[in-house]
Amino acid sequence: MSKVSIVMGSDSDLEIMSQAAKVLEEFGIEYEMKIISAHRMPDIFFDYAKGAKDRGVSVIIAGAGGAAHLPGMCAALFPLPVIGVPIHTKTLSGVDSLYSIVQMPSGIPVATVAINGAKNAALLALKMIAIDNDGLLDKLAAYSENMKDEVSKKCEKIEKIGYKEYLKSMQ
Amino acid sequence: MSKVSIVMGSDSDLEIMSQAAKVLEEFGIEYEMKIISAHRMPDIFFDYAKGAKDRGVSVIIAGAGGAAHLPGMCAALFPLPVIGVPIHTKTLSGVDSLYSIVQMPSGIPVATVAINGAKNAALLALKMIAIDNDGLLDKLAAYSENMKDEVSKKCEKIEKIGYKEYLKSMQ
Amino acid sequence: MSKVSIVMGSDSDLEIMSQAAKVLEEFGIEYEMKIISAHRMPDIFFDYAKGAKDRGVSVIIAGAGGAAHLPGMCAALFPLPVIGVPIHTKTLSGVDSLYSIVQMPSGIPVATVAINGAKNAALLALKMIAIDNDGLLDKLAAYSENMKDEVSKKCEKIEKIGYKEYLKSMQ
Amino acid sequence: MSKVSIVMGSDSDLEIMSQAAKVLEEFGIEYEMKIISAHRMPDIFFDYAKGAKDRGVSVIIAGAGGAAHLPGMCAALFPLPVIGVPIHTKTLSGVDSLYSIVQMPSGIPVATVAINGAKNAALLALKMIAIDNDGLLDKLAAYSENMKDEVSKKCEKIEKIGYKEYLKSMQ
Amino acid sequence: MSKVSIVMGSDSDLEIMSQAAKVLEEFGIEYEMKIISAHRMPDIFFDYAKGAKDRGVSVIIAGAGGAAHLPGMCAALFPLPVIGVPIHTKTLSGVDSLYSIVQMPSGIPVATVAINGAKNAALLALKMIAIDNDGLLDKLAAYSENMKDEVSKKCEKIEKIGYKEYLKSMQ
Amino acid sequence: MSKVSIVMGSDSDLEIMSQAAKVLEEFGIEYEMKIISAHRMPDIFFDYAKGAKDRGVSVIIAGAGGAAHLPGMCAALFPLPVIGVPIHTKTLSGVDSLYSIVQMPSGIPVATVAINGAKNAALLALKMIAIDNDGLLDKLAAYSENMKDEVSKKCEKIEKIGYKEYLKSMQ
Amino acid sequence: MSKVSIVMGSDSDLEIMSQAAKVLEEFGIEYEMKIISAHRMPDIFFDYAKGAKDRGVSVIIAGAGGAAHLPGMCAALFPLPVIGVPIHTKTLSGVDSLYSIVQMPSGIPVATVAINGAKNAALLALKMIAIDNDGLLDKLAAYSENMKDEVSKKCEKIEKIGYKEYLKSMQ
Amino acid sequence: MSKVSIVMGSDSDLEIMSQAAKVLEEFGIEYEMKIISAHRMPDIFFDYAKGAKDRGVSVIIAGAGGAAHLPGMCAALFPLPVIGVPIHTKTLSGVDSLYSIVQMPSGIPVATVAINGAKNAALLALKMIAIDNDGLLDKLAAYSENMKDEVSKKCEKIEKIGYKEYLKSMQ
């Protein structure tokens, strides 16, 4: 069974990246979670990324902010898909993180999701694994159905009570 | 065996998107290639995206420029991974395409690659399929090895002949 | 009589989008208000957008943030004008929403207003309907006159009491 | 019958703005075309914008680049819809034009289209007029059908001859 | 004696623009202060800008945010210098205001200062007036000398007490 | 009589900056033109900027690209108005030049014009000098009248011959 | 022994710039700290920058925000390395500061670090001095080792207690 | 004696990066030049960066474009200064390269120069080495003097022949 590795360079990214872990738990997918900096501990990072395949990891989800090298360096060392989560930054809003992750050179792709999009990173990992896992695909279909129902209920509610009551109910 | 679907909204994106097809051919992966606009032919697009799974498609690679809705709408309708290729635009250099593709809402991920990164989109699709395909994984390893050798040869060359001769040889 | 449809993909956009409803109420124009996601419920969305004309809708006002596909997909399915309201986003300030809405391809226009400009979206819808509705045009003229008077009173006030007192009166 | 006014501040915008005229001709909609600068001839501009309604104009399409004030000033003086076309600029790619046109203050909307989107501006004007003009609505439906067919033919072609032959045929 | 006219389109800009008034008071230069919107009251605005010269105004300082047309339209109607102050905006940080003010077409310059730079706008107006006013030039020299002394004292302080005590003294 | 000093840090800016000289010649205003780098020859630059007032200079027009310090440093040393012309750059289109010139700190204003706006810089200098020079003001009025006539003629032409003939006549 | 000079134009930059002083203290490197504005006191600034070498300064660390000329002007006057720290600004987030510092013309380099990166500026200064100082190099190696250990402990902690407990422990 | 290492990830960066080599040759400083990709050959890259100090390298100059990880990964592995050269990119003009290089996390500085600023990177490396090398410092002073003279000659020329003749002489 496929395992996902969630990695970040600093625990300041943990609040965002934990959203990926929650989704994986919801779907019952095994994962490991690590704080490893490609910059501050390059040797340990190398061992981590090179050994991931042998630890049963099928997908790496790497979150990073600023000059966000972690996802790209994972992609240089790990042969299966790497998903990059650009973390929002105080100074440049995460545009720096986004460009550092998405603009990878030819040959070394990183599957980039939205700024702070850790939840979507996990869903993307699940979809990758679901290519050869029909049970997981069914769970994803149920998840989508559920999302649809939630929005439908909101739509019914606003059509029933109007926006003024709806806004009050949100406070 | 997994199939990849390459789709774009206009044949003006074909020169870039054909780079994805070339990579898939190189790896012997079956693919379909379509020009379908989510904006100009929404019904046909819906049928395309909803029917892809049943046609054996495991991954969709969608290229789009400007208000690039094609990848995101594929992700709304197709249950397996969608890879988005932001196409460079004359007016906003592809920043518009990039934001329109990568900033997807929670629940509907698109695996975004670099602006004009169709080649990497294909490699990313291969990595996804390789999660459960060791033969393909071996081919990817050989591909990486080959990339490494190419750069190594360039490094040897510049150390041997110096940058002046090297630059002349590039003209 | 023309009806306006106000649609958004998430109730997090409701506070902004309700400003459009308020303006339409002020002018006595009938409207419907819906929460429908093109990404999370594409089938329901299709039915909504395709059926709008038959429900008597003359103009759709669609608000969306991030990879904001809702206005553009409305424009693909609804034959009359679609007005897009780019919603401000935490990560990219709404530049992502703006580009995703305004940079539509040739053939499928979206009338884009300012980021968070839901009030102006409603006024724009009214101006469209007023092309063949002189009564509404008169109301719009009165509305403009009123705006002028409000600023004029502020100008008189500052010329009378000076900026120091004026600033105090604003606190 | 509704008339459209196409206005620009300089004949350097004419090549782009003439695309709007072509669409209006195609649909048999009467239009006037003027080169009037709000900056260089404010009095003439005022007379133009204030008198447009009496000349039978239902929609103004205004193109401008850089500190693009023309559409916004039209909207301040003309009571019916104004469509703004941000013109691409050498120095800032039209981001300056886009922001100057779309970020209008509350009360004075401008329906903004894509950078250089003069063709879409005309289609948007037609959709506005079609709110109360079923004949025009039918023509717009036929136009959309035609767009769909063109893309469909391209899709059939690429599926038939493959991307290599297709690319050759484009040269 | 020269008079300065300070104008803004909305009293939401008053807190920033009042900084210009304070500087002019400090230098004993007569000024008028007005809230006039080029968009909401174009006729009144026209009279204001055209009549300024006859009211003895030598320089207009115009503050505006978003699609900031006020400074540029002043420059179209007033023959002497217009200084534009781009006001910071919630959505686009004032980049929209800056581009709308500074990117004026050939023939109609606006002297643009920093975002929210109302104080510098006043100093710039004073420098313009000082071209033919040696008394004012002397006052400006004294003002500069004073600025220099203030920084010098801070430098002496930090060299004397060190950054730790200095930071404490700032709280 | 007032003199204008045109300064740039490199002769690569001369083609743009010479447009300022042409305008000054047209108006018969004396000027000096210098190539002085604040970075490469700070001592000579200091002498230039400090001595300008005594050479009879009333306004400095400084053009610079990239980290464009020249206008700001002139403003630090010269007591009368400094106009900054941000020069377009290959790498960042002149956004770097614009920010480096316009975002001056409190106390040291630079009157910034559009990217490559050397012509407008000269007109702005003339307007400054015209505050106390009615003859120059009259010439500026004539210049404006002439601009108006030029656009009027273009408008008459397009109304007479239509856009198709007009476009042909522009080739 | 090498000395470092830390300089900023305003005490509003002190909170950030003091982080550089702390690092230098930690490594036992002598430093001076000054508040000197190139704009407000150009003469004093000139003396400061020209005299730094004779005061034993080997590296200048200059912090500045907005039109940030201080680092570049230091580099024009001081013959050894200048490190620029772009300070975050309220209006443009420090993009203005970054461009003003990093985009220096050919011949006058400034070693630019991240926005608000004063701590890294100090580490960079230490690395420069360590080129010919093995004792300092050893201290830097120990510092790096320490950074590695801190992240390693965090990684061990999260692997031991899981992200839920970890997040609680961070509050 | 200090040695400089010039490294780039692809020979497409060689034309720019060779400018650094030319400067080092001019100053008689030994250098090595390598094409090594951190992404395509991470093991070889690790050995290169870890072994540089023992090969006598005092400063690394690393050029990279797009998601430019090379300079930052050098800084993670090499204990002495790393200078990063952001290479201009077709899609995002080098803003991606700049952000990926300059926005390094705390602890791992990269001395960043302008986009395509390889010449300045070499000069910065020389200034670092000159901290403890008075002979090199003298050469740098002569280099600066020479730059000053070149600009002075241009200034004399334009004052002598005027801008019209000067522009002709540049063609």
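Read from first to last, the chains carry the letters A, B, C, D, E, F, G and H; within each, the first residue is number 1.
By our rule, contacts are C-beta pairs under 8 Å (C-beta built on N, C-alpha and C of every residue); 3 or more make two chains touch, one makes a residue touch a chain.
Because the structure is predicted, anything quoted here is derived from the model rather than measured.
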Chains contacting each of subunit A and subunit E, listed by label: C, G
Mutual neighbours - chains that touch subunit A and subunit F alike: G, H
Candidate from C-D, F-G or B-H with the same interface as F-H, over half of contact pairs in common: B-H
Most distant chain from subunit A by Cα centroid: F
Between subunit D and subunit E, centroid-to-centroid distance (C-alpha), Å: 36
Subunit C and subunit E, separation of their C-alpha mean positions in angstrom: 33
Averaged-CA centre spacing for the pair subunit E and subunit B, given as whole angstrom: 51
Sites on subunit H at which at least two other chains make contact: 9-10, 37, 40, 66-67, 91-93, 95, 102-104, 107-108, 110, 114-115, 144, 147
Chains grouped in pairs wherever the two touch, ordered by label: A-B, A-C, A-G, A-H, B-C, B-D, B-H, C-D, C-E, D-E, D-F, E-F, E-G, F-G, F-H, G-H
Subunit D-touching residues of subunit C, taken from the complex the two chains share: 2, 58-59, 79-81, 83, 98, 102-104, 106-115, 117, 119-121, 123-124, 127-133, 137, 140-141, 144, 147
Complex interface listing, subunit B residues touching subunit C: 9-10, 37-40, 42, 46, 66-69, 72-73, 75-77, 89, 91-92, 95-96, 99-105, 107-108, 110
For the subunit H and subunit B complex, residues of the former touching the latter: 9-11, 14-15, 17-18, 21, 32-37, 40-41, 44, 66-67, 90-93
Subunit F - residues contacting subunit D, complex: 88, 93-95, 114-116, 144, 147-148, 151-152, 154-155, 158-159, 162-164, 166-167, 170
